[in-house]
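The structure under discussion is supplied below as C-alpha cells; questions concerning it will follow.
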Amino acid sequence: MSDGDVGTPGGLRGFMFPRSATGRSSLVPAPPWHYSGQMLTIEYRTDPAAVAELLPPPLGPADEDPGAVAVIWADWQSCSDTFEELLDPVRAQYIETFIVVRCRYRGETYSRCVYIWVDKDFAMVRGHHQGYPKKLGELHVTRPVTVGLAGPRLEPGGRFGATCSAYGRRLIEATFTITGAAPSAGFVNGHPMVHHRVFPTIESDGTDSMHELVTMRGYDVEVGPCYAGDATIELYESPVEELTRLAPVEMIGGYWQEVGTNWRAGTTLERRLPT
Amino acid sequence: MSDGDVGTPGGLRGFMFPRSATGRSSLVPAPPWHYSGQMLTIEYRTDPAAVAELLPPPLGPADEDPGAVAVIWADWQSCSDTFEELLDPVRAQYIETFIVVRCRYRGETYSRCVYIWVDKDFAMVRGHHQGYPKKLGELHVTRPVTVGLAGPRLEPGGRFGATCSAYGRRLIEATFTITGAAPSAGFVNGHPMVHHRVFPTIESDGTDSMHELVTMRGYDVEVGPCYAGDATIELYESPVEELTRLAPVEMIGGYWQEVGTNWRAGTTLERRLPT
Amino acid sequence: MSDGDVGTPGGLRGFMFPRSATGRSSLVPAPPWHYSGQMLTIEYRTDPAAVAELLPPPLGPADEDPGAVAVIWADWQSCSDTFEELLDPVRAQYIETFIVVRCRYRGETYSRCVYIWVDKDFAMVRGHHQGYPKKLGELHVTRPVTVGLAGPRLEPGGRFGATCSAYGRRLIEATFTITGAAPSAGFVNGHPMVHHRVFPTIESDGTDSMHELVTMRGYDVEVGPCYAGDATIELYESPVEELTRLAPVEMIGGYWQEVGTNWRAGTTLERRLPT
Amino acid sequence: MSDGDVGTPGGLRGFMFPRSATGRSSLVPAPPWHYSGQMLTIEYRTDPAAVAELLPPPLGPADEDPGAVAVIWADWQSCSDTFEELLDPVRAQYIETFIVVRCRYRGETYSRCVYIWVDKDFAMVRGHHQGYPKKLGELHVTRPVTVGLAGPRLEPGGRFGATCSAYGRRLIEATFTITGAAPSAGFVNGHPMVHHRVFPTIESDGTDSMHELVTMRGYDVEVGPCYAGDATIELYESPVEELTRLAPVEMIGGYWQEVGTNWRAGTTLERRLPT
C-alpha cells in the first residue's frame, strides 16, 4: 500500500493529515525523506539532575557524562522521494534548533531530543512523527562563505553565531570559533534517537491516545569534513520555556559539519494503549 | 490528575509535548480553552461527490444538501484557564481559515472540517488535538469598524474581504456584503463536529498509531448579532492542495458574527488500535 | 497631475518607488489615506534629559512636563482613496508601536515620534513619507471583546497586554487596566507632529540629500469613547536599540480608544538642501 | 565625521533614521557594507518597449539587446564594518529577488534595477539608499549541496528552483539546470548601476523632495566559479505589480555563482532640487 493509505475500503489517502481522496493535501509526504544541510553543534555539561528530570521511565541517565547536552542548529534543505520540493524551495528549506541529551534504555545509550524549534509547518509535523517535540521559532545561524568578507571561512578563526527565538523572545544565543579539525561532530547526538511519541486523548483528562517509545536513525549518512572549536552559549527565560534549568556548568566545545542523511522509518519499542 | 500528567511515577508533565519536569514548556496548555472572536462564514454548494469523497467510512453524506460547504475565517483571541495569554497577546491571537462540510454518522448529522490553516503554532497543534487538520498559512479578513472610513460598518452595505495563502500562493479569496440580519450564521458549521484524529506509526508503512473518530462541541457559547449577506468565493490551485475539487457550483450566502466559546473535552466515538 | 506623476515628459508614474509606466507597482499609493483602528496609549515620565537628547536644533524641550513620553500601540485597518485594500486586507491591516515625546518649535508645542515599529512594508514606507522612522517588528496588543471570556470588556477591570519585539528580542512590554472614562487619550500625542525627514546622500559621507523639518496632522478625526486606567511598562535592551535610555521614572496612566482619521498632506517647515 | 553625523551642533547621530543621541538605533549602519552570497541569474528577452517604458529621461534604451532582462535571486550574508552582524545572523542574512534591465546614459551602458523584493527591513532601506526600489516579499532559492540527496551539485544536471511571492501571491517562479561553465554570470547586471533615488514631498502633490540620478558599483568583488545552464521563468499577476508587462519572449539562459562584494558609496549624477 502506498502513500500511507489507511487500508480501509473508501479510506482517505495521505501519509499525514489532512487526508483526502487524492492524498495531495497531506501536510507531510510519505517517507523516505532526504536531507542535506549544515549542522552547528555546541556541547556542554549541565547539572546531571537537570537532564535526569527530563528522562521518564523506562529511561535513565547515561552511564558516562550524564549531564552532557548538545544544542544544535541545522540549516536544512529536504525533500520527499519525488524531489519536487527542491524546485519549490519554500517547501524544502528550514532551520531547526534542538537540544539533545543522552540516556540509557535497556542497557544501551541513546540520544534524545528534549526541546526543538523549526520555522516551517511541514518540518514541524514531520518532526512530531519522529518524536521531536517541535514548536515554531525564529532561528538563524551564520553560514560559511568562500568569497568576500561577510562570513567565516572553514578554517581556524572562522566565527559563527547562532540564535533561537520564539514568541518574540530570544531563547538561546551561541557562538562558535573554529580551532581545527575533529573526527566527528561531538558525541551527544551521536547515538540512535529514543523518543516518546505522545498525544492526549480528546477527553483531555490526563490520559493519552498515543504513548509510544520509539527509536530511529537515518540511513546512508554522508558527512563533509568536521571542524571543531570553542563555543559559548546562553539560555534565556520565557514564560513558556524552562531552558535555564539546563544552564551550562562547563563548556565542552563546538563542531561544524555538512551532513546528508535520509529517513525511512523508525521502530516502536514500547506502546501504552489507551484504555 | 492535573495538567495532563501522564500518570507514570516519575512521568513528565504537560498536556502536550514537549513534556518536562515542570510542564511549563508544553506547546499547548491543558483545557479548558476560552475563545472570543469574529467569524465570517461563506456558504455554497459544490458537487456532492466532491464532499462525499472526503468522508471515509463510517461516515456518509448528509441526507439533505449533501454538497453544502462553509468556508470560515475566524479572527480569534484565545487563552487557557489562567488567562495569562491575554496579557501576552502573541500567545493568544490568531486567525484561521477552515473548510467545513456536513456528514452523517449513525443517523445523526455532524459538521466536519476537511481543510484548515492557522498562523500560530499553539493554535495549529491545539487543532490537531481536536481533529482539525491544521497547516500554517497567511490569513486575513477585514474587520468591522465604528469610526473612520477604513472598514465596514455592521449594517447593510458593509463589505468584507478575506484571503488565505500558504507557501506564497493565494489559495482562497472571498468577499461578503451585508444585506441584513439573520437568526444564525449559516447551517454547515452548526452541528457538533465529527473528526478523525490520525497519526501514522513510526514504521511509516501505511498503518496508524492513532486512528480515532471523535466528536466535540464548545460550551457556554455566546454570540453577538448575526449579519447576513451576499458572498463570492474563489479557490485556487497549489501543488499541495486540492481545493478546486470543491469549486462552488451555487453560492448560498455569507454571515458575520462575534462568537465566544469554550472547549473542555471531546468524546472518542471509535478507535482503531494499532496492531 | 495625479498619482505622483513626476512632471517629466515621459516620466514614470507612481506616488512612491518603484515608479513605472503605469504607477501600479508603487509601494505606497497616493494620499489621501484613511485609517480606522484601536489605540492603546501608555504615558509616563522619564528623565527630561533623555527626551532632550532626541531633539535636535531647531527643536527644544516642551515648556511643561518635558520628560513626558507616550508609548502607543495602534491596531489599524487603512486604505487609499480607492478603498480597494479593504477587500484584500493583507494590504490594509497592520499594527504599529511608537514612542512619542513632545517638543517646542517656534513657540509652539508639538508631538514627535522618536522610535516606531510596524509589521507591513506599505505601512513602513508610508511612515517614512510622514517622517516616522519606522522599522519592522513583531507587535501585539490585546483586543477588547463583547462576547466570551477571551478578552477584556471596555469597562473598569478590563485588562490589556501589549508587546513589541524586533530581531527576535522583546523590546517593550506593557499592561493596561481600565479604571474609568477619560475625556481624551492622554496628552503627549495630542499635538500636531513635527518630524524630520532625512535621507543620506549616496556619497554616504555624513551629508544628507533630504533633510527637512515637517509638520502634519490628520483630518476628519473621529474617535470613540476613551477609557483610562492604570498602566505598566518595561523597556528592554537590544544591540540596535537604546530604549532603556527612556526608562520610566513615574507612570502617568493609560488610555484606550477607537480612532478614525485621514491623512492628505503635511507641510515642510524647513529644508536644508544638499550642496 | 563618522557614522553619518549630520554635522549640526547638537545634531542627532546615525547613518539612517531613526537618528538619536548615540546613533545606535539607526536602521542601517554606515557603509562600508560587506556581502557574501550566492546569486542565481536568469536572463531573457522581452519586448524592448516593455523595457523602454521603464526608462525615464535622461535614460534611453541600450544600443544592443534593448529587451534583455535579468531576474536574479541573491541569498546574502552581509554586515557593516564592525562585522558584529555576522554573530547575530538575523541581522546579516536575507534573500532578494530583483529584476534588472540595461539602459543608456550619456553614451554609456548601465544596469538598472526596476523591481526588487527582500525579506529583512535593514536590507530594504539599505536598498532604498542605493536606489533599489525594494519591497518586502517571501523569497526562496535552492542551495547547492555537497553531501546527501537534497540539493543540486555544482555540475551539469544540477537543478535549482527559485520563487518570489508578496502579499500571499506567487509573483515569479524560475528553474535553472546547469549545463556547463561560463566565464561570467550573464551580461544584463554586469554594468555599473544607474538608479533614481526619489522621495515625494510631504505636500504629496506630485513633487519630489529628493529626485536624483545616481550611479554606483561594488568594490573588491570576488567571485567563485560560474555555472551556466538552461532556465525557465514565469511571471504572474498581482493587483500591485505589473510584471507580466515584462513577459519573456525568448530565454537567454541562467547562471549561478558565489559572489563577494563590498559597497562604500555611489555618485550623484544629476539632482533635481525641490522648489
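Think of it as A, B, C and D in the order they're written, each chain with its own count starting at 1.
The criterion applied here is as follows: a contact is a pair of C-beta atoms (placed from the backbone, for glycine too) under 8 Å apart; a residue touches a chain by one contact, two chains touch by 3 or more.
Keep in mind that this is a model prediction, so the values were computed, not measured.
Q: For the identical-sequence pair chain B and chain D, what's the CA-based rotation angle in degrees, nearest 5?
A: Angle of rotation between the two copies: 180 degrees.
Q: Over half of interface residue numbers shared between chain A and chain B means same, under half means different, so which is it?
A: Interface between chain A and chain B is built from largely the same residues.
Q: So what's the Cα centroid distance for chain A and chain C, whole Å?
A: Distance between chain centres, rounded to whole Å: 41 Å.
Q: In angstrom, rounded to a whole number, how far apart do the mean CA points of chain A and chain B lie?
A: Averaging C-alpha atoms per chain gives centres 29 Å apart.
Q: If you average the CA atoms of chain B and of chain C, how many Å lie between those two points?
A: It comes to 35 Å between the two C-alpha centres.
Q: When you check chain D against every other chain, which residues touch at least two of them?
A: In chain D, residues 88, 90, 138, 140, 163, 165, 168 touch at least two other chains, as defined above.
Q: Which word fits the touch map of the chains here: line, ring, star, complete or other?
A: Graph shape, chains as nodes and touching pairs as edges: complete.
Q: Which of the residues in chain B come into contact with chain D in the complex?
A: Within the complex, chain B contacts chain D at residues 138, 140, 163, 165, 168-170.
Q: Looking at the complex, which residues from chain C come into contact with chain D?
A: Checking each residue of chain C against chain D gives 1-12, 15-22, 24-27, 30-31, 53-54, 56-57, 84, 88, 90-91, 114-116, 120-121, 124, 128-131, 133, 135-136, 167-168, 196-212, 214, 216, 239-242, 245, 264-268, 271, 273-274.
Q: Enumerate the contact residues on chain A facing chain D in the complex.
A: 34-37, 76-79, 83, 86-90, 92-93, 138, 140-143, 145-152, 159-163, 165, 175, 222-224, 258-262
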